[in-house]
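Chain lettering (A, B, C, D and E) follows the sequence in which the chains are written, and residue indices restart at 1 in each chain.
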Amino acid sequence: MSASVQPVLKAESKNLNFYYGDFKALTGISLPVHDKKITALIGPSGCGKSTFLRCFNRMHDLYPGNRYDGEITLNPDGVNILSPKVDPIEVRMRISMVFQKPNPFPKSIFENVAYGLRVRGISKRSVLEEKVEEALTNAAIWNEVKDRLNDLAFNLSGGQQQRLCIARALAIDPEIMLFDEPTSALDPIATANIEELMAELKKRFTILIVTHNMQQAARVSDYTAFLYLGEVVEFNDTKKIFTTPDNPRTEDYITGRFG
Amino acid sequence: MDNKHMNTSSPDTTLSLTECVSSAEASRRLAHKRSRHLKERLVEFILFLAAFSSVATTFAIVAILVYESIPLFKHVSLVEFLTDPQWTPLFDDAHFGIMPLVSGTLVTTGVALSVCIPMGTIIAIYLSEFAPHKVRETVKPFLELLGAVPTVVFGYFALIVVTPLLQKVMPDLPGFNMLSAGLVMGIMIIPYVSSVSEDAMRAVPMHLREGSYAMGATRFQTAVRVVVPSAFSGIAAAYILGISRAVGETMIVAIAAGMQPTLTWKPTESASTISSYIVQVALGDLPHGSIGYQSIFAAGLTLMVMTLVFNIIGYWLKKRFREVY
Amino acid sequence: ADKLVKIDGSSTVYPITEAVAEEFQKAKRGAVKVTVGISGTGGGFKKFCRGEIDLSGASRPILKKEMEACKQAGIQYIELPVAYDALTVVVNPQNTWVKSMTVDELKKIWEPAAQGKITKWNQVNPAWPNQPLKLFGPGADSGTFDYFTEAVVGKAKSSRGDFTASEDDNVLVQGVSRDRGGLGYFGYAYYAENSKKLKAVPIVEKAGKPAVSPSVDTVKNGSYQPLSRPIFIYVNAKSVDKPEVKEFVDFYLNQAPKLTKAVKYVPLPDKAYALAKSNFAKKKTGTGFGGEPEVGVSVEELLQREGKH
Amino acid sequence: MQQSVTEIRRLIARHKFWDYVFAIVGLICLLVGILTLMGLFAQLVADGAPRLKPHFFTSFPSRFPEEAGILSAWVGTILVMLVTAFVAVPLGVAAGVYLEEYAPKNWLTAIIEINVTNLAGVPSIVFGLLALGLFVYQLNFGQSILSAGLTLALLILPIVIVATRESLRAVPGSIREAAYALGATRWQMVSNHVLPYSSSGILTGVIIGLSRAIGETAPVITIGALTFIAFLPHSPVSGQFPFISFEWLKDPFTVMPIQMFNWTSRPEEEFQLNAAAAGVVLLAMTLAMNAVAIFLRYHIRKKVKW
Amino acid sequence: MSASVQPVLKAESKNLNFYYGDFKALTGISLPVHDKKITALIGPSGCGKSTFLRCFNRMHDLYPGNRYDGEITLNPDGVNILSPKVDPIEVRMRISMVFQKPNPFPKSIFENVAYGLRVRGISKRSVLEEKVEEALTNAAIWNEVKDRLNDLAFNLSGGQQQRLCIARALAIDPEIMLFDEPTSALDPIATANIEELMAELKKRFTILIVTHNMQQAARVSDYTAFLYLGEVVEFNDTKKIFTTPDNPRTEDYITGRFG
């Protein structure tokens, strides 16, 4: 485990601007993402948290009119994943994402987790089985589903579905995992489960999480960035941000004076 | 979706992306990627061709109609075609005035619309705003069946049931008349109008209705003041669909309206519509190149132009009153 | 590989041909397929002269124009009369005023000049009431239309246009039977099948002659004039090389007397069938008419004429 | 302006009166539609009942009304529908997928979209003219099953396209994003997810389209199908290698609505019964197809709740 | 103004249960609503805040299968507005509602506000104009829209639309106004505007507000009820709730330990 004092840089956003058509949603975002740490993005609704997160796996490419400007470099190879020359599919194979609302495919539990592998051309049953078990175990849901891998994923509860989606994202051994408000649709117990799971996962992956719940950010993350109106207002150690923020706006937000 | 963007990466970037990976691995990925891109492009192209086939169909229709009716227009001037009050292209004393057919088409359409638009709209409002959920779910498909009944069946229904009924009220009504054909046609079109309008009204978000009910409005007030105006463009689309069906409907008028090309605007007369003329001639043989053959294409072209005009109006209405909720 | 006999043409001849086709296929136990289309006499000839069909039914003889077309396509044909038909003028049973009609009166109603003008019964004959006149007749591709206009107006295809025109004779039956002021014309069979709903009008050929109603007898004795006519099949001479076509035509001529009666037409005299059979056996091609419409020729005379091409 | 309670109540009563009036008018309109349908069906059944015996389905048309049946007609209908489905389904589904999942926003796409709506409004008789000009004469398919099948396929193409697009649209964007996020290509996303999940919706649309095509008379008349046919087309399966034959595509044929139309134009009164019976069968075929479609629609709604 | 020491009871929910079909969404809710005060309903997502609020104007009547059990009495006349004998339209004429997402009708600004009056049978132009102006002024939006009353309401910004909806609700002079998360779709500035407006409105109306933002509840309300799993955990003066709540679960929620 790499809890080194000097954190390794896994990725870095450099002066990133992002446009939804004419609307500039992100302005000059520069932010480091440390390896095997959890970085939380907080800020009021509409400040651009999700927009920023989705730049990391080029989700914006799916819709017309969206435009990136600036860089996100991914280490160790230092490639700029936003470059139009880089195949977004390649990027998505290295960086996976868990969405706000659990969105399993209407397929069996097994096939949900195996899908990412199949897309990579793996179809040998034994390999798939091994990988699926591993991913489900790592997502702390193996025990609950091992006897009904062929059940439809929709039959799981919301919290289970979300863990299934995490397993699906894990199965492809990503370098970074993105979480966009992964617990906002879940009840308190399921939320606690997922938070625990993240603490476990960060030993092996780099995690970027968007949350609207400041307490959650405080509980799970190592670093926190506070975004406001598409700009980074403050980035720092989570402890520092929640105790003695440098910026008065950060403080106002954290203490609930707005948002 | 920005497919251009997704497809334009060139192979050399893969190298930069995988510099640190072994070169064997890199070349494997490279090959994989190239074939992947090729396949994606190919699939997209095939799908595009399929989508384009609908345009090709329209194109073919217009081309065939124009191509086959040009000889007729060499023989008959457009002015004559549009102003001559007689249509007897197959007779010794041939006249080529399309107006009798157009008048028949418009009158039957008018009669049909006067049935299907009010009734269709009322049914749509009733089903969407008044009827209990269960009633709607059972009745709607049932009603849609009405639109699925083969029109030949409707034609004889008009001729054998509706006309005699009408003749009880109007003893002077001829056995073939546009009124009866139009009425039955209207009933046939009801489900098209009601179903599409109802879908449009369903699509009005619940929060708009809640807004109205929260102000103390009744169902009727909510329906008429909020739901209908909000769904207007969808309702307009339904009307246009109804008009298209009425203008082009063939078998009902062919059977019940009497194929008599007379320039008249009275629904109680018998008349021929464009479509019924076409099918009447087609019931005989159509040797390529004969006057009869050309005349049905000229009639078809007129019909096509008419539907096109209605569709353009509909398109404009839809654009103008697009749902904004 | 497939034994197929393709027939098209007159709706008047259709019932006979259909009956023959049905019996023939039964007799052959499905070994030969026969299709019978209805496109009217004119429509049939157009297909016939393009070589698309083996037989064409016709309720009038072939016309000059059609002969030309056939000649150009190199199609030789054998003309075979198969029955008599009486073109029947009908009115609504509630029509109490018409006892008979003269050809002149019919002409007044049907000539092109009548279009839009003659719309009341009393305009035709002042003795008749001021009642709207509703007209029903076959479409322009039909031999019945050609024959009627020739016999009544004096020129084939010369007719007013504002009447309900249909290749479907039942539409005409429906029309006349529903309209007190209705008047229409079509083949005798349609009248015979619907005689309860319709009233046949006795026709006066010329002033001074008696009014004659259409019936089997008046047709046979030649007194129903000018609207009784022979109806034909035309056989493509090349098709006769196909055994199934030859067989079919033989079958046709043998069965004609019986089946014609069954479908309410008037059979030809036996002598005429015998002549037709021998003409067919000899493959005597060409028409006995010469492309001119002719009204009131006897069949025997016709069959003995030299065939024109 | 707080109105007094009694005033409000009076007002409400007045407004509610219109509610009742409208509900009654609506119900009446609905009943007119439904009763027409039932009356139509009842009348056909009453007329056609004496003919609806097994041999009606197994005999060819005949000049004897009691013997005449619909064998060639229903076989013809099924074969024509086969061709129609074979052409319209792949073409329509592919077009729908393109428009919904691929098409970039540009003028070409806009034209295609407008065109599809427009094509849906083109009268069926015009398709008949297209068929006559193009299939029968230019392409020389003649008056065959192939011509009829292609014509009806083009006729229902817009229905299939629209149904496909609607079912694709019902698949939530989150499913697409999930697939992409796992590294799927667009076609993988479409073929592995979107299409399978919307297949029953598409099927519903196809069935509705076919049930429309099955009753179409005018365009089939235009290509000249009004013919006495007392035999069956070639069989699609043959005894010898290669076991499948396509000769039937070029065969002359008749279909149900045409047979019905044919009978109604017979001079003999008796044939009207045959026409009614054929109408019952045709209507039953349409109803059955619609029932399947409704069942499917209902079933999907119950099964997948996104 | 009625800032009396002993608050007047405007309405009262007595042992209210509510069922969505078989699902019991509210259990035994008893809660006072004080006249000319703002009462806030808080609680985690899904706890039944909206459900409870919508009982007040019988919104649930619009959907089949919903069932009330218990009473909400409305003073001064003490009528039980949930009684099936009471016409819901009458209730809605006395109690109006502002929704979470601004939902103006696709009509002009003027017609939106006039709608409630027209529904009441008022159609005299001069009366309508006067009332509309008054309502728009009270909703603090008159200055912004007075020159374009005939514009389509959709052309307004989100915050303006929400104020328009408030004006629409005001125009009919309701006795109670219900707000269901009225600012959750708005930006901070629009939110501040609306909060100010509410402080103004409570001088004339009784207000019941649902919010997911505890700071908002603390800022605007006089009384707060904390709901959890369909039950009232605690009801008290807002100050008391946010400083020394009686119930440990309330404290947990307020300090962000769950939710």
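As a convention for this text, a contact is a pair of C-beta atoms (placed from the backbone, for glycine too) under 8 Å apart; a residue touches a chain by one contact, two chains touch by 3 or more.
Worth saying up front: this structure is predicted, and the values here are computed from it rather than measured.
Enquirer: Check every other chain and keep only those touching both chain A and chain B; list them.
Expert: Common neighbours, chain A/chain B: D, E.
Enquirer: Treat touching chains as neighbours and tell me the shortest step distance from chain A to chain C.
Expert: 2
Enquirer: Tell me the fewest steps from chain B to chain E, where a step is a jump to a chain it touches.
Expert: 1
Enquirer: Give the chain pair that accounts for the most C-beta pairs in contact.
Expert: B-D
Enquirer: Counting only Cα atoms for the centres, state how far chain B is from chain D in Å.
Expert: Measuring from centre to centre gives 14 Å for this pair.
Enquirer: So the centre of each chain is just the mean of its C-alpha atoms; given that, what is the distance between chain A and chain D in Å?
Expert: 47
Enquirer: Report, in whole Å, the distance between the mean C-alpha point of chain A and the mean C-alpha point of chain E.
Expert: That pair's centroid distance is 37 Å.
Enquirer: Could you list which residues of chain E touch at least two other chains?
Expert: Those would be 89-90, 93, 119-120.
Enquirer: Of all the residues in chain C, which ones touch at least 2 other chains?
Expert: 8, 37-39, 168, 171
Enquirer: Taking each residue of chain D in turn, which ones touch at least two of the other chains?
Expert: 12, 15-16, 104, 185, 224, 226, 264
Enquirer: Help me check something: in the complex, which residues belonging to chain D touch chain C?
Expert: 60, 62-63, 224, 226-231, 252, 264-269
Enquirer: Across the complex, what residues on chain A touch chain E?
Expert: 44-46, 184, 187-188, 191, 213-215, 256-259
Enquirer: Can you name the residues of chain C that touch chain B in the complex?
Expert: 8, 37-40, 42-44, 46-47, 50, 112, 115-116, 132, 134, 139-142, 149, 155-168, 171, 174-175, 177-179, 182
Enquirer: Mind pulling up the chain E residues that touch chain D in the complex?
Expert: Touching chain D: residues 77, 87, 89-90, 93, 119-121, 131, 173, 175 of chain E.
Enquirer: So in the complex, the part of chain D that touches chain B is made up of which residues?
Expert: For this pair, the touching residues of chain D are 12, 15-16, 18-19, 22-23, 25-27, 29-30, 32-34, 36-37, 39-40, 43-44, 90-92, 94-95, 97-99, 101-104, 111-112, 114-130, 132-134, 137, 154, 157-158, 161, 185-187, 208, 211-212, 214-218, 221-222, 224, 226, 256-257, 260-261, 264, 275, 279, 282-283, 286-287, 289-290, 294, 298.
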